[in-house]
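Common to both upcoming complexes is chain A, partnered first by chain B, then by chain C.
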Partner chain A sequence: MISALCLTLALVQATEPPHPSTGIAIERAVAEQLDLGVGDTVRLGAAPESLPHLAVVSAIYEPRPDPAEVSRRSLRVRLHLPDLAAVLGAPDRVDRFGVGLLPGVTPDSAAAVLNRSAFGFRAHPSATIASESSQTFKVVSRFHRAIAVITIVASAVFLLCIMLLKVEERRLDAAVMRFVGVRRRTIFGALVLEAALIAVLGSALGAGLAFLAGAATNAYYREFFDTELIFSLITPRIVLFSVCLSLLLGVAAGALAAWRLVRTRPMALWGRA
Partner chain B sequence: MTGLGWGVKSLGRHPLRTALSLAGIAVASAMLLDMVMLSGGIEKSFSDLLLARGYQIRLTPKGTLPFDTEASIGGASHAVRTIRADSGVEAAGAVLGTSIYGRAHDSLVTLFGYGIQPEAQGIYQVTAGADLAPGDTLGVLLSETAAQLLGAAPGDTVTLVGRLDPQMADAAVGRRLAVRGEVRWIYDYRGQPSVGTVLPVMQRLGRDAAEDRASLLLVKVADGAAVEDVAARLRERFPHLEVSSVADLVVQAKRRLVYFTQLSYVLGGMSLIVAVLLVGTLLTITVNERLGEIATLRAIGVSRGTIVRQVFAEGTALTVLGAGFGIVLGLATAEYLDAILTSFPGLPASFSFFVPRADTLGLAALVLLVTGSLAGLYPAWLASRAPIAATLRAEAT
Partner chain C sequence: MLVARDLRKDYPMNGETVHALRGASLTVEPGEYVALVGPSGSGKSTLLQIVGGIDTPTAGTVEILGTRLETLSDRELTRLRLTRLGFVFQRFHLLPVLTARENVELPMAEAGVKGADRRARARRLLDYVGLGHREGHRATQLSGGEMQRVAIARALANRPAVLLADEPTGELDAATGQEILDLFRRLNTDGTTLLVVTHDERLAAQAGRTVHMLDGRIVSEAAAP
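This part shows the complex of A and B:
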């Protein structure tokens, strides 16, 4: 049975000896903020003006990193269910039950059976709850994707512009090559190859910068939120996608600029048209 | 020809290059605009939301924010009377939020119930029908969604029940109430089925009324009284409650949404860098291409200052034109991004992340214009330092 009574617990240090059976586990952040250690006694209550219960800190635990809680910074303690119910004055009440199923029974069918006779409660398969509770992250993920699209568009335009300028810088070289009889196709190929090389080098530099930025992001936010969560994750798939995209854009931009260059008359390239 | 005219004409010589640069600056400006709107939008939107009905102070259980936990305040009516006695308070009211049920045909629908004091309420606006009168224990207000779920309109009667007992398969308490009006609950998320009754009715439906509990107390400060002074007095009077002014709550909200604020700074900064790089690169290459022309101008007596002004003008023209397109693009993308972020579960429907503010937008425009123009500094220096004789000789060969 799981209890998740989400009422605020008021907690202060006490000096009186506690009732021997009341133990409390506190998370590390609580221990640090209130300067508590194992064996210390605390007063508990459902409201700051009423703290009638005494408890002994029996454990300090590190909570599992939870992205849903990272910005809330709630301070949590754990009590045995009867102890918590006594503190809250809500005996034999819980927020939810966890139900383990026998092998072969599907969560959907079990939930349907329970819901047929449900009054005052509703049964949900864990997968449904997980999906509902991850809505926040789905929204953040959609936002990140939208920002990524805008960033890719900006980068693509920037890359196109730079490639165009880079190739146009080679007008005189192209003119000379055309004067000495080098074929248009060769010049075109050389310029596209150069664009591809620049794109690959730029991508490698970009990937390096991304790793550095990712490491800095993780270091900053882990410190900021006091958590072990990973905030920036650069996978090989992401690197491969970025390199391929920039290579594709670089080659396309180089080809466009080179095509314009080789179509221009050599004298015009030389500036004497 | 003026510097600006020369700059614009120069940009027209390479239409594809200029178009691409403008597109790049436009996208970067759009991103900058969006991020500026995001950085200030959370604060503005949340502040507007909290002040929608003019209540500047909230009292909640110690260590909590309004409706953040199920914790509640005992002896609410007495606390409200005490607050109303303060000379700096114009109005004060209690609000209880709890989960209740409504009967719709043969089934029960889950509703969010507000217990309010109609004479001092700061959480809804009547959209149809009438408001509850103080002490109206037979009336109820419905949100649009609740009205649809219950199939009720102003003038109809609905049945609300509370404290369901799974063992007895019955509700511990039920009330038949007349729908007085349809309202928009200011802090509801999209599609939230909410109903409101006077506080004692909701206390009975939701929990034990004997303790006279409320989720929060709202306080409107009288004209001429300082909000912080009243808040300080209330903190002294109610040491076991959290007394928060709108400014305090905005700080809390910003702390929770700090990720978006910081993201906006990072992406805004990157957009600015992209715009500056684009302008700088384009101008540098343009100046290099036109060194001969610049040397000729210098040879016929055009001063270095004039050349520098012309290059600056070109950079400014590029920035202004690109930013102009960027504003249109940025407003469109802000609407799209806002639609994504406001779909956060549990977020008030009237909350917005991307809010245009004249001061921040003006500052962003100024920064973009200044940095875009300054991006022409290096190319302008190159142009002014071009050796006249050597350049002309090189051009002639």
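This part shows the complex of A and C:
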């Protein structure tokens, strides 16, 4: 059985036939970089200058994408635990290993039992380890949230200015509409409706641009890091939130600008106070 | 139908008081075609705006169809402008995003006329002003004369008691202006009451009565021979 241990090892291709029992699994990146395939023989050792062990590549695997390891440059192979111990020359020494649980056993209770009875190591639920290793991403996420808030505030101010300018352009139209008997309420409603439509169209355009930018970001970084990780993710919930927020801001900006317009006397709009 | 009594209008300008109207009185009877003429700054447009209920006098009264305008609330005055008065402006002032028909429909929609009825009436009015074939064109796609004819159709939308026009040929060339004059004459012949502010001597000449203004006062009136 191949252990879950992963160590960085000195590894070179060998010509001698391997020991029949030494089989290793290498990750795809290793296979590509060293041009290895299943059945090839390699030399293993704990240091580049000492490669006494022979092994045969018995599997090539694709490691599960992990954001915490996306920038890792080291290459990994997997060995059976006895083979690894033999390579390291330290049969009773491991840094860490994973424990599979039977269905119904909770990680917390298993960790608690192990920590009560074991000596020399500490058990942690994988969720805790994931949380610990995700601290960087949490900080990045908070940073993104702060940028988003600043963007929203700036956009709201920009939108309000645009609406005020647009409405200023309509002063004469509004005056004429008032002259021909159109009520303030109608003009107000028309302007707010227009603002809402602009906001919805703007948010649709924004969502479209976000999808394109996200696709480009993912394509670039997936290629750069050789990973299947998703770097930019736009969910339906994010789109819905954006459209709703845009609509809210648009209607608020439109209403404010329209209110300014309709409370002005028609003759003042016409150009004579 | 329309009675203005001793209208005065003062407003401040650059720290001084401008007397735009100094006691102007005017009566327009049903079916009349009255031209208001005079030099620039004589108070013609101010008088038209006050009798049209879009400006308020400093003193004096205006009565339209027996209703004193100063007794009306802003909402009532808006309603009166919508249903009893029609306005035509020098620069047409159509809504550019709307088609000719939609511009004509606008006052009817505001008055609560149902969709099919207002579409039919808008078409009839556009036919009346000779623009039935242009009903689907946006205002920006129309010539000056066409825009003014659409504006006239819009002013007639709610069957107003009086049509008020401020320099309706002022932005048009002679030939196009003549089309508007012909349209006004036809409107009056068909029973529309008209009060028109103009510098255009041809327009003044075809009116049933010409009222001359100078320095905010009505200085003379002359009926057509």
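Criterion: the second predicted complex is superposed on the first by the 235 of 273 C-alpha atoms of A that agree within 3 Å, B and C clash if a C-alpha of one lies under 4 Å from a C-alpha of the other, contacts with A are read in each partner's own complex, and residues count from 1 in each chain.
By our rule, contacts are C-beta pairs under 8 Å (C-beta built on N, C-alpha and C of every residue); 3 or more make two chains touch, one makes a residue touch a chain.
Please read these numbers as outputs of a predicted model, since none were measured by experiment.
*Asks:* Taking the superposition as given, does A:212 touch the first partner, chain B, the second, chain C, both, or neither?
*Replies:* neither
*Asks:* Would you sort A:119 into first (chain B), second (chain C), both or neither based on which partner it touches?
*Replies:* So A:119 only meets chain B here.
*Asks:* Using the touch definition from the top, say if A:267 reaches chain B (first), chain C (second), both or neither.
*Replies:* second
*Asks:* For A:162, is the partner it touches chain B (first), chain C (second), both, or none of the two (neither)?
*Replies:* It touches chain B, and chain C stays clear.
*Asks:* Which partner does A:129 contact after superposing on A: first (chain B), second (chain C), both, neither?
*Replies:* neither
*Asks:* Touch check for A:181: first (chain B), second (chain C), both, or neither?
*Replies:* A:181 sits against chain C, while chain B stays out of touch.
*Asks:* Please indicate which partner A:197 is in contact with in the superposed arrangement: first for chain B, second for chain C, both, or neither.
*Replies:* neither
*Asks:* Which one hits more chain A residues, chain B or chain C?
*Replies:* B
*Asks:* Of the partners chain B and chain C, which touch A:173 in the superposed model: first, second, both, neither?
*Replies:* Second partner only, chain C.
*Asks:* For the complex, give me every residue of chain B touching chain A.
*Replies:* Listed in rising order, the residues of chain B that touch chain A are 16-17, 20-21, 23-24, 27-28, 30-31, 34, 61-64, 69-71, 74, 164-166, 169-170, 240, 255-259, 267, 271, 274, 277-278, 281-282, 285, 288, 333, 336-337, 340-341, 343-345.
*Asks:* Would you tell me which residues of chain A are touching chain C in their complex?
*Replies:* It is residues 172-173, 176-184, 186, 266-267, 270, 272-273 of chain A that touch chain C.
*Asks:* Which residues of chain C touch chain A in their complex?
*Replies:* 11, 49, 52, 54-55, 75, 78-83, 85-87, 89, 93, 95, 106-107, 110-111, 154-155, 158
*Asks:* Which part of chain A faces chain B closely enough to touch in the complex?
*Replies:* Where chain A meets chain B, its residues are 6-8, 10, 46-49, 71-72, 118-121, 132, 135-136, 139, 142-143, 146-147, 150-151, 153-154, 157-158, 160-162, 164-165, 168-169, 221, 224, 260.
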